[in-house]
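Both of the next two complexes hold chain A, though its partner changes from chain B to chain C.
Up next is the complex of A and B:
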């Protein structure tokens, strides 16, 4: 019940935070140099044509009027109309956000599992060959730009070994997958479309691997450092001295205490991973949220930029909320 | 919550958890293996997306931004697709030059129309439609569709409305329906450009279908057209997965000349040029429309791949603002024109695969004079020109597009060589929106531009680039004689008279030198060895109907 109250309180706090984001984004995107209207007009367009296009998108109105119209739209779930495509931003967003969240959630989950398993394993063998090997590999993974790593994995996995499909799209269109959430793996599972499920999975493996390799290092280091701290703590040493079985030591004393610091870092990494998908989406022809937001920014597509910043902010806040709840569950000292 | 977790951990038998983990791991392993196997079978060509007997697969760099041609931005993928899915009433014919098949801009032929002919005074043009041409909805293409489409274009005040002004069409009333299959265009003045302008403007919407989706607030069904592909062209769109793939099927109802030669064309979006190359090498695509110059050079030696080469009218230039210091002085402009290392750029940046520009009028355009641009790389002449301007050194920024690698390389080479002549350039890459804004404000002293004109005619070139009202006139150039020649050319339909005008235009521009003409890069397209029928589009927009597997 206490946690429920905490969640409700934090969700209510979300409203002023997102309102602040809306105001700042609305103003900042208009302060940036660049004219979105000129990018959609043909070379023979006159000043009158440009004025007509501005009126079409309401950009001829005062800033106040534009802002109030935007807020009114947001209240009804209307994110506006894309200046570049002329289509509803909400509809475009619905198509783009699912694949990116699927990619990021899978990659962060994979990275977390690897980080926890290897971090604890490495800490228990501190300063031995296995520990050094894990740390070096994590460092190498962290040092590689995701763009380059993605191309290398494609070269090996697709071009040389032929194990994975061409980096073109997210699912074989011939599987006739009916889109529900936009996340192909989930849609395939929900609709019971087996061929689409395996196709989506085969398309996901390399991008998820790329993102996981890039983000696993900080998580692994954190887990290893925490595990080392726990291994040298009085409680753990006392328990060990008292001859508790290895399994009880590992699960009762080491694992949970080690994971206490992880949620906050994982939330940060999740946010970073959303940003990192721009390049990964480019390399794997993923056409997700990152590419959509980047194009919106490059062409100053105001409604697209505003919607994408708002979504990223909402993701951050919600993920940190989840992290706080998980941390409270792991650490009895934390009171929420 | 914490307590619940602990009691779960203590109360659950260990063996059970391990079993669950083992089971989960096994399932994951099986799925991964299955997925890899699926990927492998795709590579071997046996997957459902493999190429059939009459299927071509094309990779493009980006998904189109909208299906609505009246309201789209400058999106080359979209504009290329429009050429193939909208019914265009007339289009360029095909000719062969030096073994390459290219669109013949001097020969415009009726396609979905039966004829398009002028009155004696060349002011009234009559378009007669073929009977029995239908859209995918089953609605017949009639004169009412033409009228509605052109009314919509005028209302849009964007692409076509702008271009129609060059031939004296400014009001919807100038387009009239004569009968079910006949439409007349009454121009304010006769123009030698009419056929060429209409070749790029006479696309038609299914107005009966469109009206079903029109509302009071959206009378032109803009929202519907932004998302729904048009029909009735050489191909119909049978599948469009946003951001990923577009499938085109031949329009079997087309009864005009030159129908599509391939039943199905699958267009996949592959943004990374390196991936397009890999997929072409692996045989997963047949045509790569977004491969880098360096990759093309390598692909020329690859097995199973050929690179189609053709001369292009794509021009690379450096526009100098003639109203902004230091380029408001013609001698400074001449100094830069002499300082640019043309041969080095062609050899090193374009791998020798470009032609030196001989004039501001593109090579192959009627009237192009090979003496129209008398500047070659000569640093002594550059320094002398600078001295004639009364200075020993000048500074300026050199603007180019952020994501254009070729322009970036070009800027670096020009900066290095111009410095030797005393011209110090600061390189300024700009994103598309900032570049568009600064171009609108006309405040860029020096900028790299590239592109090809959609109409292969000097009058159109002047209209878009060199008269004071031209929107691509980033040089802010104005010459009274050029303005007079442009006005005169509107009503000059005699070919010999027009050529005389173009000779004078080039003499003036050679002397005023508002643009440094860098080169004309050739067009190169890597395709699988069995792809045939490519026709080089002089407007850069591929006509896919000609393509087929040999």
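Up next is the complex of A and C:
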């Protein structure tokens, strides 16, 4: 009950923040040099053509009127019409967000599991060979440009070994997968489409691996530092001196106390991962949210930029909210 | 977040920034290990910087010189690392690119440190409404993933060396402002500041002589790590066509230009520039990690 009240209050607090984001993005996209109308009309269009197109997208109205129209649309879930494609932004968004969320969530989860397992393993061998090896590999992973790592994995996994499919798309079109959520793996599981499931999985492995390798280092470092601290805490030393069995020590004393600090950092890493997917989707032709938002930005497609910035900001703050709730669940000292 | 009480505070302080120092751990032989890290990082960076400076002596081709007889020539023969699709020598471009990559990254971080420190000093020392306004602006900047912010600013400013330096500096400055502000706020309460004020020092004098030198300690640790991050951002922007563009020699742009070769199994156009980036960022990370380890060791001593 308490958690529910906390969540509701925090969600209400989000409204002014997101409203601020809406206002700032609305003004900033219009400050960007470049004209979205000119990019769709091409070089031969006359002034009249441009004026007509501008009127079609409501860009001839006063800024104030445009903003009110935009707000009114938002309230009813209407993000406007894409200037580039002429399609509804909300519909395009619905198709694009699933694949990206699938990629980011899988990668962050993989990175978290690896970080927790290796971090604790590393802390128990602090300053020995295994520990140093793990830390150096994490450091190297963190120093790589993610788009380059993606290319290297393609070179090895596709061009040389031929184990993975070509980096174009998310599922083999021949499997006739019916799109439901846009996240191919989930769609295939829901429709019981076996071949599509394996195809989606094999398309996912390289991008997910790329993203997790790049983001695992800060998580690993944090887990290792926390675990070291716990291992030398009075509570843990006392528990061990009392001869508690190894299993109880690990589960009850080490794991939970180590994880307490992880949620906030994981939320931050999630944000980094959103930034990285723009590059990784580009490498793997993922055709997800990142590529869509990037193209919107490059062509100054106002409604697309506004919608994608709003979605990123909303995701970011909601992930931090989840992190706070998880932390409260892990740490009895935190009251929400 | 106001309700999350005291217990949250230490963790928030250590986890808010991935580059922040890890919580003080048990005393390990910090000094010696730190020195190894710092020396290794410095050697890597020195070698890359030297290679970039001496690039014309180390390669027989110019960075943008086209060999009309060789397009996508494999390594060996007249071209040490082969040529790209334009017929430009990969080895020559690799060396020359170090100038622009290291140059932009270091300049951007230097600019971010100067601007961020200035804002942090003002906000922290004077407090009040000025502090409120500056910190709310920092909040807005930090409400977005940094690379996304860099993309937006790059789209706003356009490319060109100076604009890229400004883009990367703008994205990084808020973190320094926050860091320095926190330091200044605690320094301001210390007796030696009061003493200096009572002795008749001007505000600028107090800030410059007493507050500034002491508030830079955390900045010194973060800045090298940040240089590595700045390089990756620059390369990422170039990869997407928002940064440096071909034919200028820059590692991210080289990787981007060679990316279609990768699928065809031609490794020499994209692999080497990525390795150079990896090497440089690793150099900066080792340097930063070493400085951090040393700072931790000092704190424990």
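The working rule: the second predicted complex is superposed on the first by the 336 of 336 C-alpha atoms of A that agree within 3 Å, B and C clash if a C-alpha of one lies under 4 Å from a C-alpha of the other, contacts with A are read in each partner's own complex, and residues count from 1 in each chain.
Everything below uses one rule, namely that a contact is a pair of C-beta atoms (placed from the backbone, for glycine too) under 8 Å apart; a residue touches a chain by one contact, two chains touch by 3 or more.
Here the structure is a predicted model, which means the values were calculated and not measured.
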Partners on chain A (chain B, chain C) - clash or fit: clash
Contacts of A:33 with chain B and chain C, given as first, second, both or neither: both
Contacts of A:202 with chain B and chain C, given as first, second, both or neither: first
Touching partner for A:278 - first (chain B), second (chain C), both, neither: second
Touching partner for A:133 - first (chain B), second (chain C), both, neither: neither
Which superposed partner A:143 touches (first chain B, second chain C, both, neither): second
Partner chain in contact with A:155 - chain B first, chain C second, else both or neither: both
Partner chain(s) touched by A:46 [first = chain B, second = chain C, both, neither]: first
Which of chain B and chain C A:222 touches, first, second, both or neither: second
Touching partner for A:325 - first (chain B), second (chain C), both, neither: first
Colliding stretch - chain B into chain C, listed as 272-280, 308-316, 452-460 or 542-550: 272-280
Overlap of the chain B and chain C footprints on chain A, listed as residue numbers: 32-33, 151, 154-155, 158-159, 166-167, 282-283, 298, 328, 331
Touching residues (chain side chain A, partner chain B) in the complex: 3, 32-36, 38-46, 48-50, 52-53, 84-88, 91-92, 95-96, 151, 154-155, 158-159, 162-170, 172-175, 195, 197-199, 201-203, 205, 247, 251, 282-283, 285, 287-288, 291, 298-300, 325, 328-332
Sites on chain B touched by chain A in the complex: 1-2, 5, 9, 14, 31-32, 34-36, 38-40, 42-44, 47-49, 59, 63, 65-66, 68, 71-74, 157-159, 161-163, 165-166, 222-223, 226-227, 239, 241-245, 247, 268-272, 274-275, 278-279, 281-282, 284-285, 431-434, 436-440, 463-464, 471-472
Chain C-touching residues of chain A, taken from the complex the two chains share: 6, 17, 20-21, 24, 28, 31-33, 126-127, 139-140, 142-149, 151-152, 154-155, 158-160, 166-167, 218, 221-222, 224-226, 228-229, 232, 260-261, 264-265, 268-269, 271-272, 274-276, 278-279, 282-283, 294, 297-298, 309, 312-313, 316-317, 324, 327-328, 331, 333-336
Residues of chain C that touch chain A when the two form their complex: 1, 3-8, 11-12, 14-16, 18, 22-23, 25-26, 28-29, 140, 143-148, 151-152, 155-156, 158, 228, 232, 235-236, 239-242, 252, 255-256, 259, 262-265, 267, 270-271, 273-274, 277-278, 281-282, 285-286, 289
